[in-house]
Amino acid sequence: MIVAMKRGVSGEELKDFIALLERQGLRIHCSQGLTQTVLGLVGDTSGVDEEALLAHHLVEKVLRVQEPYKRANRLFHPEDTRIDVPGPDGGLRHIGAGELGIIAGPCSVESREQIVLVAESVKKAGAGFLRGGVFKPRTSPYSFQGLGCKGLDLLLAAKRETGLPIVTEIMGIHQLEVFDGVDIIQVGARNMQNFTLLRELGRCRKPILLKRGLASTITELLMAAEYIMSGGNDRIILCERGIRTFDTYTRNTLDLSSIPALKRQSHLPVIVDPSHATGLAWMVPAMARAAVAAGADGLILEVHNNPEAALCDGEQSITLESFASLMGVLERYAEIEGKSLYRNPGTP
Amino acid sequence: MIVAMKRGVSGEELKDFIALLERQGLRIHCSQGLTQTVLGLVGDTSGVDEEALLAHHLVEKVLRVQEPYKRANRLFHPEDTRIDVPGPDGGLRHIGAGELGIIAGPCSVESREQIVLVAESVKKAGAGFLRGGVFKPRTSPYSFQGLGCKGLDLLLAAKRETGLPIVTEIMGIHQLEVFDGVDIIQVGARNMQNFTLLRELGRCRKPILLKRGLASTITELLMAAEYIMSGGNDRIILCERGIRTFDTYTRNTLDLSSIPALKRQSHLPVIVDPSHATGLAWMVPAMARAAVAAGADGLILEVHNNPEAALCDGEQSITLESFASLMGVLERYAEIEGKSLYRNPGTP
Amino acid sequence: MIVAMKRGVSGEELKDFIALLERQGLRIHCSQGLTQTVLGLVGDTSGVDEEALLAHHLVEKVLRVQEPYKRANRLFHPEDTRIDVPGPDGGLRHIGAGELGIIAGPCSVESREQIVLVAESVKKAGAGFLRGGVFKPRTSPYSFQGLGCKGLDLLLAAKRETGLPIVTEIMGIHQLEVFDGVDIIQVGARNMQNFTLLRELGRCRKPILLKRGLASTITELLMAAEYIMSGGNDRIILCERGIRTFDTYTRNTLDLSSIPALKRQSHLPVIVDPSHATGLAWMVPAMARAAVAAGADGLILEVHNNPEAALCDGEQSITLESFASLMGVLERYAEIEGKSLYRNPGTP
Amino acid sequence: MIVAMKRGVSGEELKDFIALLERQGLRIHCSQGLTQTVLGLVGDTSGVDEEALLAHHLVEKVLRVQEPYKRANRLFHPEDTRIDVPGPDGGLRHIGAGELGIIAGPCSVESREQIVLVAESVKKAGAGFLRGGVFKPRTSPYSFQGLGCKGLDLLLAAKRETGLPIVTEIMGIHQLEVFDGVDIIQVGARNMQNFTLLRELGRCRKPILLKRGLASTITELLMAAEYIMSGGNDRIILCERGIRTFDTYTRNTLDLSSIPALKRQSHLPVIVDPSHATGLAWMVPAMARAAVAAGADGLILEVHNNPEAALCDGEQSITLESFASLMGVLERYAEIEGKSLYRNPGTP
């Protein structure tokens, strides 16, 4: 970390300021130029509060050279992290480090027939994981809020019937106790900085699918991962799902440049959710292809047997047929990118 | 709500679609033009899912005429809501409906001496409420996280000593039990769509200071208020605290046009936090004046006895002297705007 | 276009308002519901001013069903437009309708040796067009502004030596006279709404490469194309080059969802500029691949023989070697997407 | 300017890099720490290209301490600049340095009767300048484009009849010849980075009202002013008119924090356009008051005798009565802020 001091700082003031910094456990390298004094802060600066430094009346500017995250940082963990998820059959599914993880399923679990039908269909087409919402974060208190625990039971039934590990969203720490059978716990975009929840998930032993907040920077997403990792849970899957911009053609703006950015900064796998990002089913296949071409480690897609009758988010769900045909193209992209797609046992 | 159908919809398809809507309890007024059919949906449309409608293959566009919020809507509650907060002396402090509420105090409670010193000083200068952070939402897990319950005790001590009602931020529903002595519960910007928390606060009997999320629209802020209100708690104070834009001169961009917007759409009082919005202490007085001129019902300001030594967010805290001098100007603005400032008993 | 009237409009007021609209050459279809009157405006509404309508005291909301652009609209021109550009050898290069156009070259033309070297190298690797800046739009008046007319001469020399058609940016209508030998005229993002320039380019007979403004919506980009097209020049290539968002990891945020969006709304070809969008050379190949996967009709890439010594924008330029290796991968992507890459005569 | 080098830079590489910088006329102060080498660049760095530096393979990060603008910089011109504009009577009107300049008039000049009526009315209410659009930048080529030269004649007639100096927008350098009688030339938001136009205005002797672009930062606005100033024209009035954000309640988001920001960075006067920023006439008075409270040096307001019949932008124009009543309140605000409002000769 580099601190540029204001002009005209006296020797006495400088000495006191350096002492202040040294009390935080840092070594200070001072460089006095003709017009400006610059301090280099050496040591672990991840706990140094940039804004607190800026508040000091002697400080002009601060430049952070080292990133504020450590466990999520590729610098200290150069090789890719791969998340291994056991299926009910004991076999492992992978996401990351060359393995493309495809998570598919309906926005909301609606009935046993629906979730099993979708699960079987996406499994046949090549999905490695089943997603399904049961506790739904809805903007309006008057909208359908998901089937709750009953929905979770249906999701678990579909897991038993198809052997697909399941992914579903958690809304608060009080729900952790019922998430026992869930294989990957999703943290939604609106909860990316729910620090209470993140801390608690750091103590749990399940992989976390962490969605980027609508207005979160690359650094903030990695700091949210760092919250969970600092508690001891290293199994994080980062998920780009669109950011909020001035453009309203799509629901949010899918930021595919976050894929190479996150993968350069971090060793964690990065997947993409084109369904929520665009909000437009007809656009999902193009964005799914682009995500894989940009280096994504996986996708999470909303797939519905009858999008028009979906209880929520129907306009962004693709059909079972559309999903199967997309998987065919993705396979060819994966090959070019040198990645492998999981093959469910018994599928061609 | 108006639904424009796609061209070439057959009479049969239209009939089925209308029946589908009627099953949701709506009356449908159908208007068939030469090239386009338009449906008017009459009844309570606040539960109608706009996106689900758009998912239907016969629908071209949807126009919501009535807002999706009811209890927060000025249409159904034309007069301004005033929030009354009893002090420990039993006397009421007000926010809204012509009463300007000024909430001041340090970002973080640091020690008994500090919080009592600041509390006495801001009270003398005219603040009606004391703020102080004890559970802090920090971007980094390695930053100071607040004094927690110990800090809350210090805040309560300052309340007893000065008679100022206190405002502090809640991070999760598990903290509700220790918030007994807190007079106004603050929901931070990052939790504005923590629906689990909002629902629980709907069941509590304390005023809620609800901060606008960094990327939240006017409608989303009012829907968050609606979540709390739909649970039975009508005492909401809305708070503009800056939105995230491309501009980085200030930490966030203070959107003062949200004041007239929110007050036109809703009867709830609207206050402004120029400290967090700008992140720059020297800019706070100008933005505080502008907020009152734009019609705000109050302000929440970070004031610190020694900003440079603050444990967090020092760069945005104004000094005790700067606060006192600002209050002098605000009084004159309040007079022009026809608003009254609370006078603490025993102050001039 | 649908106009929802305010509640309580009298029959007399409605009659007058309808007469006002009919004087603009529209037929009005009026539908009176129990609580609200809705008007359907039939006819050519592209000249109707939405904001002027909203200014009327009887109007509640306005919903535009038909897009305000006509010549750029796919509705009236369903098949893809292909831009044909003759090379100095008389042979045609294509962009659009299944033909992938690759435009490559340095940010700035610096010397004859440089531009010829780059031109020969990108041609050999498979580029169909040579780009090179000569009049540079720079944020600072003190930065290098390009070689101007001398640079244009060097670019023309490179065109003669390699046979590659050339693309360069125009800064104002006064430069049109020296653009005689330029094959595709580029309008930069900052000039996308320089309506004086757009009108003039409508009278010229050259293809226009129109870059999306940093804060321009899909509709605004198509309206800028419409300005040129309404003057009689239909040969427009749309170019996505990143929008400005809160995120600063990349210079701008490349919005690849604009590709399927623009191609659905319009028949014009859409190319992508990953160099300016990201500002990071190491990220350009990933974003170039993603653009082709998302359906782009071409790319414009900054390629430099020695990026570190570039007079401007070096950090976003890829090397000659990196470009050649990218072209190898793009060929495989193009094949999957069913597109063909131009082969320069005499190259393998 | 501070340059942090990458780790592991060799002594030889460093020597070459420093020599490269010195050839740009800079003195280099080198500080070698244990893990990192930091260079301080001393001298005039306004011509140093930050991005070119970042392109160098030895450079890790760059921190600009000195702003890239000089003539617009308050550092080199501490006292406020006041723009003096002579009226046809020879008397001077002022904007800046304690003088509040109020510019009012219709969006478009429509007829002689209209512009003279509005001019007389706003003059009586206290406006010091008359605005009126004659060349209009419209998003659609099919919308009303202004009366052009005929409109300019009408505006000049209103100037003669009322004695008010006039302000109107220029669209390109070819119009300069007909702008002879115009007192302040406005550069619209969409042309803020039309560098060809800015350069030409640097050679003209009239005050320039420079509007902030929809997606322009504080620095970019000041760099646009610098373009004009570097040509020799120092009479610039900066204008905040809203930026583009995700929020759509108002047309743009009025960024009032830009007022203190611009006034801290620069000596140039700053005015505010609440009409275009909000696009909502009912919101204009609140935002006008807030702008003055935040320290603005003036306002530019759309005022129309009959907003509903306006040929453009009627929804954002306030009535003559509303303007007069607003002026009454602004006078009281100006008094508190220690500013004076121009009094037209013969008005009370």
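Order of writing sets the labels: A, B, C and D. Residues in every chain begin at 1.
Keep in mind that, in the parts below, contacts are C-beta pairs under 8 Å (C-beta built on N, C-alpha and C of every residue); 3 or more make two chains touch, one makes a residue touch a chain.
Everything numeric in this text was worked out from a predicted model, so none of it was measured.
Participant: From chain D, which chain is the farthest off, judged by mean CA positions?
Facilitator: A
Participant: A-B versus A-D: which has more C-beta pairs touching?
Facilitator: A-B is joined by more C-beta pairs in contact.
Participant: Could you give the separation in Å between the centres of chain B and chain D, each centre being the mean of its C-alpha atoms?
Facilitator: A distance of 32 Å separates the two centres.
Participant: Just how far, in Å, is the C-alpha centre of chain D from the one of chain A?
Facilitator: Once rounded, the distance between the two centres reads 41 Å.
Participant: Suppose each chain is reduced to the average of its Cα coordinates; what separation in Å results between chain A and chain B?
Facilitator: For chain A versus chain B, the centre distance works out to 28 Å.
Participant: Hunt down the residues of chain B that sit against at least two other chains at once, touch-wise.
Facilitator: Residues 215, 244-246, 248 of chain B each touch two or more of the other chains.
Participant: For the complex, which residues does chain B have touching chain A?
Facilitator: 46-47, 49, 51-52, 54-57, 68-69, 137-144, 171-174, 190-191, 193-197, 199, 213-215, 220, 223, 226-227, 230, 244, 279, 281, 307-308, 310-317
Participant: Looking at the complex, which residues from chain B come into contact with chain C?
Facilitator: 2, 4, 27, 29, 31, 33-36, 38, 40, 42, 60-61, 63, 65, 244-246, 248
Participant: Which of the residues in chain B come into contact with chain D in the complex?
Facilitator: Touching chain D from chain B are residues 215, 217-219, 243, 245-250, 253-261, 264, 277-278, 282-283, 286-287, 289-295, 329, 332-333, 336.
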